[in-house]
Amino acid sequence: MIKAGIIGASGYAGEELLRLLATHPSVEVVAATSRNLAGKKISSVHTNLAGFYNKLIFENLSNDDIKTLCDVIFLAVPHGASMDIVPELLEKSKCKIVDLSADYRLKTAEFEKTYGHPHKDPREAVYAIPEVHDVAAELKNSKNPRLIANPGCFPTGATLAVAPLAKTGVLENVIFDSKSGITGAGNTPTETSHFPNLTENIIPYKLTAHRHLAEMKQEISRLQPGFSNVCFTPHVIPAARGIMTTAHVFTKEKYTTKDVKEIYSEFYENKPFVQLVDGVPSLLNVRGSNFCHIGIEAEAANNRIVITSAIDNLVKGASGQAIQNMNIMFGLKETEGLWFPGLP
Amino acid sequence: MIKAGIIGASGYAGEELLRLLATHPSVEVVAATSRNLAGKKISSVHTNLAGFYNKLIFENLSNDDIKTLCDVIFLAVPHGASMDIVPELLEKSKCKIVDLSADYRLKTAEFEKTYGHPHKDPREAVYAIPEVHDVAAELKNSKNPRLIANPGCFPTGATLAVAPLAKTGVLENVIFDSKSGITGAGNTPTETSHFPNLTENIIPYKLTAHRHLAEMKQEISRLQPGFSNVCFTPHVIPAARGIMTTAHVFTKEKYTTKDVKEIYSEFYENKPFVQLVDGVPSLLNVRGSNFCHIGIEAEAANNRIVITSAIDNLVKGASGQAIQNMNIMFGLKETEGLWFPGLP
Amino acid sequence: MIKAGIIGASGYAGEELLRLLATHPSVEVVAATSRNLAGKKISSVHTNLAGFYNKLIFENLSNDDIKTLCDVIFLAVPHGASMDIVPELLEKSKCKIVDLSADYRLKTAEFEKTYGHPHKDPREAVYAIPEVHDVAAELKNSKNPRLIANPGCFPTGATLAVAPLAKTGVLENVIFDSKSGITGAGNTPTETSHFPNLTENIIPYKLTAHRHLAEMKQEISRLQPGFSNVCFTPHVIPAARGIMTTAHVFTKEKYTTKDVKEIYSEFYENKPFVQLVDGVPSLLNVRGSNFCHIGIEAEAANNRIVITSAIDNLVKGASGQAIQNMNIMFGLKETEGLWFPGLP
Amino acid sequence: MIKAGIIGASGYAGEELLRLLATHPSVEVVAATSRNLAGKKISSVHTNLAGFYNKLIFENLSNDDIKTLCDVIFLAVPHGASMDIVPELLEKSKCKIVDLSADYRLKTAEFEKTYGHPHKDPREAVYAIPEVHDVAAELKNSKNPRLIANPGCFPTGATLAVAPLAKTGVLENVIFDSKSGITGAGNTPTETSHFPNLTENIIPYKLTAHRHLAEMKQEISRLQPGFSNVCFTPHVIPAARGIMTTAHVFTKEKYTTKDVKEIYSEFYENKPFVQLVDGVPSLLNVRGSNFCHIGIEAEAANNRIVITSAIDNLVKGASGQAIQNMNIMFGLKETEGLWFPGLP
């Protein structure tokens, strides 16, 4: 059994790792840290886990403690905290690390521009959306084969929506109009997450300057070099989970829906977690699962294609993809512990 | 024009008073106090009021200031704060007061038992559900004809549900299983109001010991002296507004649905805000309005009657009823400024 | 009192006309037709109206009957039905007509292209968004001064979002990504309106070919002649009411947010129902009201401006705007019967 | 592998069986029938299953066909249809049957009284809530050891809520005030399931005469012989899944919360799917899972105990419990294929 530790296990990403790993046949969670909850039973905090993890309690462990206990560490900490932890963990242990924060996703220069302060540990991690990159090969070739930067939720939905077209090199202009469930904003109650403010509403935010834009541009330009004509406007919808990305894609040439479907079918062949659907995808059909469902409709008249993609922001957009990446790191089958349908 | 002041205008009850008074033909709001928001324009905080109250700003007024400006003062302050303010306002001005807090609702002894601390101002106010009591007459006979204790939201829905049967003296046992929108808990974000915790859920709370129980018992026993066999369990539903009260009523004798409907029709004759409906009421049909809709179904076999009542907790359960009571205090038509339908 | 009739009073638009006209000081509803509901009391069907319209019942009236009873007729019938009724009503009576259907919105040629069949009555009506056009003047100059084509819900939100920029002539490319409450789809239960399919979801539909696109293009090109670079993708959100339009606007030149706000302030001066808000608008702040709230944010780097507009689809997007237009037709104050805040 | 067939696989119960069995290690679904959907791929209808059941299509199979294919048959047909199918399946094959309909739940006399028509096949099945009855033993002793009557959703939540007290023989009066997600009403769109009617609402229905009452009475009186003082009022809440039962229990003697918790702990020892929680349970914590969470609070003053239980109506209230019962029938571990946490 792979021994796993979760640093920052009290938030949504940590909770979701615990939920998913509870039934992973090759992993045992041996440590879950939380300063605030130290001493409490896991299932007394995350009550959906009653019956699981009967002996596991939240602990306030040092890095030293955790690295001796674990084969793999998931960092589910706030952005900015990972770069304080990773160097020591990598250098003083054999642990593999999957970092769910934003710290190692961007090239250092882009990180500093986007976040407005220097990066404390400018080492490169492997940024891993396994349906877009050959993660196993990239790890092999990396200077840091034990460090994966797990992608952001919006960039996962957005990149999967346009990757096949980007790879074909035909993007001219892309506007991502994304709609996310409110769990994306974390489990601390806020004005936006206050039920009377969100029910029967939809809340656009960071209309022109969300930090995930840099990540989208970086990843899409790896597929279509030189392309940077990307806009991104996120919204919060009255839903707990899920990201629906509506990608308004303008291309250099005209396409029919059939053309585009062929490009996507080929690109996503043998990628079990990406499923092309007739019509439009539904957040409910991917809920709780690691799937990404994609719908395609071309508007030849305007050289426009509307791609819609649906993921669960906490699974394919965070903890599920982290486990998928862990599976790859350890040479397990990519789908292990993740092969179950969404919960409509 | 009646000059009105609202003390505590930043919360839901205050916001709702501002919404309702914006179109009241006989009232002008001249003061709205809030310590935190002092200096801000009303409509910059309560954006639904953009276009209204163009000159009104939140102020941090002293009692002295406010009592010289106003003919009527609405107290929309946290429970416990009114009893610090009322004595001075009553004694040093001619202002009329409608207190939306719980401070003057219970007889002093019952208050102290329920809230666990002494009452600072044990004077009696007129507790006013106008469909149950003759408020004008009670004010006339009161030692404190300028002080109205505006009822709580749950007690309003519960009392209206059973008053006609209580008046008939036939109650044996009543269980109020009430379901409230989350605005009843105020506008500060909490774990319970956090969207992911409430959506697709229903949250029972204070199962056996909610403070409103004392208020229910007091009012129902005024109608059926000696009766105290009342249980109350509230729930929060995934809705912003509204209280659905399911009253499980056991009676001394058997009734048919028709019998009960006659009792209610007679009791609520000439009470424009109470409407008996076929089948069951809907929170949507009373939303935003001062109406209470009531449905009736008897189960003769068990000497049981199920009464369902629907109100908007912020209107009939708080600010609307406060204005209705103000209308009565000033000799206006009870419905003035409040006669519009619910918003489904 | 203006005597009003509503043809098709059983649907959402009809219901909303009844709700709004219940408190209009200058209008009395004298007829409400519905074939299916004929004989039923209005308030037994639209229970939110209990206490109003105590004598009004749904009737199955002929055009002859209705035109002798009414000064104004609201057509709240399915698209395609108005053109069967309008000619006779106009020619054989003095009635004024506000048509809420799509029949008279488009120029005849465009109508036939969009709807795929001939128009039975190719007369021109006055298409009336009063904040964009001088409706009174247009009526005066029209050959059909008694016929108003009331705009569609999506086109109202979209046109108000970009009209000031279009008038300035600077649009280069506009993508409307619109999000509507499900009442826009009518009150017949469908797969899309089935609660388990919509809750916690957002459903994109007619991604490239919604019929309202033609209406948007027609109206925007009246402001910026020759401009037709408009894309439109609607979504249904888990909400009953409201349309949030996210307009991704690409302009010929760069603008700052401040620049754009000045253009909008000037354009919408003296238009009481359009309010510019800081940040982004909220569907809740306009709910139940005739307001349109607009937020503005420019992204100078990309020559892009994101305009967000919020309306209630059943009020400003249908019945409220119809009454606003009726007010103008009859020389009443535009805001009469409509001047109340939204219900958050 | 156990070969399973699902008759009536297009409804919610059938869909949920397919979802759950997709990952059951000992079961292969070999047939799924639906008259309307015959010929369609499973995953084209239940899109959450994209990636699963790649070869399975809906078929319009005869009973003859299905009984030769299957070791176990799940009947997910409308009430009244099972009794037409069961006799032939039992008598002409070796198939085991789990009937999810109401047909075999009640003793024949009670069935006829409740449903108002004769029962076509008055044989006794084993009614199986495995936490309340020893299902394996009952099957062994039954004349019909191959037929399980799977309990109704409300009776499951209600019976689990009070079984330990009933077993102790102390019930005096029980009122079940139950709140269900709308999937309980099936997947055909109706007025009640129409999103604008249910959002921000709660709908009481069948206030005194729901058919599940007979089932509750039958099962509770098996535990406390002679007891029939049970009332039941269901509500629909704006949620897709879940049943929250608020059981207002009046007992012959006084209990403290601690007393009651001990009774429940003992009763549910070694019942992995029932978990006692601190405070109140949450529908979200059991969503998608086979768990029942129970909260307990006693009000000694009134001899009242409020028990709250939460289940997923489609899992523990239907398909999950059906699989649990199938596991028992085949001598598998009760939790096989069902041991995963809820999805909050």
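The letters A, B, C and D name the chains in turn, as written, and every chain counts its residues from 1.
Definition applied: contacts are C-beta pairs under 8 Å (C-beta built on N, C-alpha and C of every residue); 3 or more make two chains touch, one makes a residue touch a chain.
Everything numeric here is computed off the predicted structure, so don't read it as measured data.
Averaging Cα atoms per chain gives one point for each, and the point farthest from that of chain A is the centre of B.
Chain pairs A-C and B-C differ in how many C-beta pairs are in contact, and the one with more is A-C.
Which listed pair repeats A-D comes down to matching contact pairs by residue number; over half match for B-C among B-C, B-D or A-B. For this pair, chain A with chain C, the centres built from the Cα atoms lie 40 Å apart. We define each chain's centre as the mean of its Cα atoms; on that basis chain C and chain D are separated by 47 Å. With centres taken as mean Cα positions, chain C sits 36 Å from chain B.
Annotation for chain D: residues touching 2 or more other chains are 181, 196, 199-200, 238-241, 282, 284, 287, 344. The part of chain D that touches chain B in the complex is made up of residues 175, 177, 179, 181, 196-197, 199-205, 207-209, 231, 233, 235, 237-242, 244, 246, 248, 280, 282-284, 287, 295, 297-299, 302, 304, 306, 308, 344. Against chain D, in their complex, chain C makes its touches with residues 181-183, 187, 189-191, 193-196, 198-200, 238-241.
Residue ranges on chain D touching chain A, taken from their complex, read 15, 19, 22-23, 44, 46-52, 199-200, 240, 272-273, 275, 277-278, 281-282, 284-289, 291, 293, 339-344.
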